[in-house]
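Starting off with a structure, shown below.
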């Protein structure tokens, strides 16, 4: 079973040289720490930055330099600032190659819910709806089950949707799964030490298992 | 009767302090020469400049600094460059207070034709269609009659239109006329030495003459 | 040049009235018009509709207007980080319209570009699309459904820039640019507060983010607090 | 950073093929991609559809492609100043679609903003509107009719910038900016030629016109002629 860093580490393998990547809040943010040296990627922060660098050294925080999670950050040589409208322009125009974000629920048809729990939480969708509606390549990083032990990989989302038929891949503490164009979670890899049965038990939606399912390499 | 500079001089009186103004090619360009010192106006050139200055001194021409007529120009303190899309954005958003342009024909309902003579001339509309479709305040600077001696102030345009019901005022070598919301050329002023009959003879569209028509003051 | 400078923030907001709609720049607490917000609080203008990406925190940014119950309706993309907001919302004291962040920015931008409506795929198939017109377009071979979203109509846009000149030209610093440009061009009347107000000619005309034609009033703000919402740092290697 | 630099113009245009659609930046002869146009002429690529505000003059700019009959269709707002153009048009050798200048710029921009279509009042009631969908919108109390205009789909955008870095970030000089930014963001594949190619970090990240994400290839051009179309000057007072 993977911890948060393990999930991030596995997702980092999906990041290809030359990619522009948007990382959501939470586990996705950790992915940046595991991108191998030789792989050139540019991180987009939708509040208006391409080329997000690491956190600043203590004492060097700049209130005018934050990421979409409102964290103080730094730039890199070749970074560029732009306004929010152009930022979502490049997202809609599919110039961002990969979007990695968290989710509360994912359905077997690729629907995703991650912005609202009716009666409980009303924080808003931020940029998530724009990202999932436009990105060609969306990976969800999340726990396989919620705190109540219920599967988050469902036949159909129960929470208000963020986007429809958009998620392509899911990485959880248990497994890597693709969502097939015709629907269904296709199991690709097991986390180290995790059995097929564990994954079956944690997946409420249609799980497709074909042939031997290897353990993931990290 | 006015010459081109006279027409420009009369139009300059319509330019108010604090206006952003777009000047078309030809007579409108000359208007800039007659704006009184105390009147602060900013000239917009739709290829991407606010704050157009005079022509450069000989030897100081810069190929990267031209106006919409492709003439070498200069900037002024406070000038700003922007891209063509934002330039027409500010035009559509009605931030430009006054547009002055030439015309081949104007109709008594405010229609204007100035971009095409079928079978003869196909230069294109450039920015004129955008300007006339958006500007709140359009003054046409032109000769009252064409080279064949035919009136250019018509009941209806015969040439392909540039825009509909948009011209508010016309200044010619003979007269200043408003176009009324309900239609018709309302005569406001005569050019020095020009008689009402001369204007009547040169105006094919509905001419409205009420009360005494003063000679224009220049 | 046309001089857009006003004496101070009070003169700048003199004609903002109860019940008006305001665009307010900034992302979180980054790049917010601190002086203008403080002046609205001081003047006690009420029943405002605020279009802003966030609602500030409890005791800063738009949170100050919420504290004093001056906001009737909030149009935003993300309103976490604000307990008073949540309280007013759950008590029905506050109307809220949540809008995807890109849609929010583009609806401001559309106003500045004189485009009455735009098409965006954000929110298709979700509750955001309820009651809205959708339409399919094929672009570069991909057919997709889009929502028709209308440009925002705001009486005023309140923005914060880094530097500005008296002709109204604005320059922003780093990610404090965020929504400020789209709102500066999108407001019917735009008021800009700047950290440094300079004379025309001092800003490089090649590198101005918002041309002065979009700005109606400009003044130099005071005592910028520039609060940091999430101070994240790394340790120096010793 | 991702390195977008290519060795030279020939590498840059290696996959531009007969029959493709190109956006070509510039206004008149100002800010045109001289090296890219020359390379297209040299390579003899034919049946091109060119989206460009103008068609150059007889012996420069896109006029060179016209001279060699490489352009099948021209989409432009203004095509005066070009006798060869007029000859080909009147002889039926050249298709022409005339588009209002603002519509042209905005249809390029729309591509870069991922908006499949936009609304503009330009051309309503004229022959430009023939066969097009119109729609009324009320904005700030004014009801007006607008045309629905589609974003341009171009295989390549060819643009010219002043400076650029190898990450593809572009900066333009003065009015040579014109259509280059809207096209740089609007092309499916964007090729930028620059007067000066620098390393990442040499351009101020606050003041970049076109972010590198929109640019696929970049190279430093050679021997810029920068011809002036209308040399207008005033005399010095002595």
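Which chain is which? They are A, B, C and D, in the order written, and residues in each are numbered from 1.
We adopt the following convention: contacts are C-beta pairs under 8 Å (C-beta built on N, C-alpha and C of every residue); 3 or more make two chains touch, one makes a residue touch a chain.
As the structure is a computational prediction, the values presented were derived from the model and not from experiment.
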| item | value |
| --- | --- |
| Pair joined by more contacting C-beta pairs (B-C or A-C) | A-C |
| Centroid spacing, where centroids are CA-atom means, of subunit B and subunit C in whole angstrom | 36 |
| Subunit C and subunit D: spacing of chain centres that average the CA atoms, whole Å | 32 |
| Separation of mean Cα positions, subunit D and subunit B [Å, integer] | 28 |
| Multi-partner residues of subunit C (each touching 2 or more other chains) | 106, 111, 113-115, 120-121, 172-174, 177, 205-206 |
| Overlap residues in subunit B, where contacts from two or more other chains coincide | 75, 81-82, 85, 88-89, 91-92, 134 |
| Chain contact topology (line, ring, star, complete or other) | other |
| Touching pairs - complete list by chain label | A-C, A-D, B-C, B-D, C-D |
| Of subunit C, residues touching subunit A in the complex | 27-31, 53, 76-81, 86, 89, 96, 98, 100-106, 108-109, 120-128, 162, 172-182, 209, 226-236 |
| In the complex, subunit D residues that touch subunit C | 106, 111, 113-121, 137-140, 144, 146, 150-151, 153, 171-174, 177, 188, 204-207 |
| Of all residues in subunit B, those that touch subunit D in their complex | 45-49, 54-73, 75, 81-85, 87-89, 91-92, 111, 122-130, 133-134, 160-165 |
| Residues of subunit C defined as touching subunit B within the complex | 1-3, 111-115, 165-167, 169, 185, 199-201, 205-206, 208, 211-214 |
| Subunit A residues within the subunit D interface of the complex | 18, 20, 40-42, 44, 50-51, 75-82, 85-86, 88-96, 134 |
